[in-house]
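Presented below is the structure to which this report refers.
Going in written order, the chains are labelled A, B, C, D, E and F, and every chain counts its residues from 1.
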Amino acid sequence: MPYVNIKITREGATAEQKAALIKGVTDLLVTVLDKNPATTVVVIDEVALEDWGVGGLPVDEYRRKAREKS
Amino acid sequence: MPYVNIKITREGATAEQKAALIKGVTDLLVTVLDKNPATTVVVIDEVALEDWGVGGLPVDEYRRKAREKS
Amino acid sequence: MPYVNIKITREGATAEQKAALIKGVTDLLVTVLDKNPATTVVVIDEVALEDWGVGGLPVDEYRRKAREKS
Amino acid sequence: MPYVNIKITREGATAEQKAALIKGVTDLLVTVLDKNPATTVVVIDEVALEDWGVGGLPVDEYRRKAREKS
Amino acid sequence: MPYVNIKITREGATAEQKAALIKGVTDLLVTVLDKNPATTVVVIDEVALEDWGVGGLPVDEYRRKAREKS
Amino acid sequence: MPYVNIKITREGATAEQKAALIKGVTDLLVTVLDKNPATTVVVIDEVALEDWGVGGLPVDEYRRKAREKS
């Protein structure tokens, strides 16, 4: 009965892609740890770009700087 | 000073129902563990149906299949 | 199919008290929101005192200062 | 490679303020623990007032009562 | 730059199995959403049986009752 | 009344360093958002190296590979 929380930036993931994440991670827990899929819960959180930080910067600014460098 | 996070699918919970959850779980921690309600924090997350998976499926599809079986 | 996470400081909660929290919060979700208890998951985290802060202080120091004041 | 989650009530925090939180907490982890900022992730969640409880009450009602007392 | 948290009951998962979870879920996010694996973070929490509840019961008691029924 | 969760790998952070994190992030929320420190809660989780993944690898293996490359 695992619980999985997947946080991604909100950038247009479709319901089909989310269903693929739910199925994929549930299958993974069955394959690797023989967990019962019936009680495996997955919660996906989409996070606005301004609410996600990496390298000390909001993610959109982080990406802009990374592009400038390259 | 407990912290409680309640995640539910977004299906029309009212402000009154949320207040009842906040009061109920705070009272529970006072009764069972003698915690101080003044510093007990409760955060409720409502999660869209397409972002909640169980049994390897998004919850709306999961319910549809469950109904078909019965 | 709610998911509830309860974080408390580690101060000797017994297995019986934890079972009472699990039962109490599950019953609450049934009563208030008519949730299915069979798929309600509760996870309790006990957190060491030095890992819990409030008022800008680790909780044991916070309590010491609160006692000194009163 | 720390992961930090900051939950605040939704009351108009600006993108600039969120960027200041992201920068500030990343710098803090560098200063205190010599963590690598490049792999430090920060996620901010803004929570509606009716979804945040303290003292057994939704936060807006909690504040109203606190004002009445003072 | 996704963040994934996997919570499982503590029942002897090996370092190899955990590595397989980390690799599997990272690959999944690359395949489904074209996420950058370099900034994908996975945190696994093992939770003691007495701290995990389902169906209103601690998980060991839940399993005992399920076996009695079958 | 913010809630902050800081997850770091378990590598010997001292109680003093944790207290500095608690004070630093609480001060940050006061400075940036004028939050009340008295109801700001901070929870630190130390995560074993085998339970933390990045780049599709457990963090110790990830570091070994990074050193080999450089």
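One rule holds for everything that comes next: a residue touches a chain if its C-beta (ideal position, glycine included) is under 8 Å from a C-beta of that chain, and two chains touch if they have at least 3 such contacts.
Since the model is a prediction, treat every value here as computed from it, not as a measurement.
**Q** Determine the set of chains touching chain B that also touch chain D.
**A** A chain counts here if it touches both chain B and chain D, which gives A, F.
**Q** From the C-alpha centres, identify the chain that is farthest from chain F.
**A** B
**Q** Identify the chain pair with more contacting C-beta pairs: D-F or C-E.
**A** Looking at contacts between chains, D-F has the larger number.
**Q** Per the centroid of Cα atoms for each chain, what is the distance between chain D and chain E, given in Å?
**A** Here chain D and chain E have centroids separated by 27 Å.
**Q** Distance from the CA centroid of chain E to that of chain F, rounded to the nearest Å?
**A** From the centre of chain E to the centre of chain F is 21 Å.
**Q** How far is the middle of chain B from the middle of chain C, if each middle is the mean of its Cα atoms, in Å?
**A** 15
**Q** Enumerate the residues of chain E that touch no fewer than two other chains.
**A** Expected reply: 1, 3, 7, 21, 39, 41, 43, 52, 54.
**Q** Can you tell me, using the touch rule above, whether these chains form a line, ring, star, complete graph or other shape?
**A** Topology of the interface graph: other, matching no listed pattern.
**Q** Judged by the touch rule stated earlier, which pairs of chains are there in contact?
**A** Touching chain pairs, listed by label, come out as A-B, A-C, A-D, A-E, B-C, B-D, B-F, C-E, C-F, D-E, D-F, E-F.
**Q** For chain F, which residues are in contact with chain B within the complex?
**A** 1, 3, 39, 41, 43
**Q** Which bits of chain E are touching chain F when the two form their complex?
**A** 15, 18-19, 21-23, 26-27, 37-46
**Q** Tell me, which parts of chain F touch chain D in their complex?
**A** 1-9, 13, 17, 20-21, 24-25, 28-29, 31-33, 35, 39, 52, 54, 59
**Q** Touching chain B in the complex: which residues of chain D?
**A** These residues of chain D touch chain B: 7, 47, 50-58, 61.
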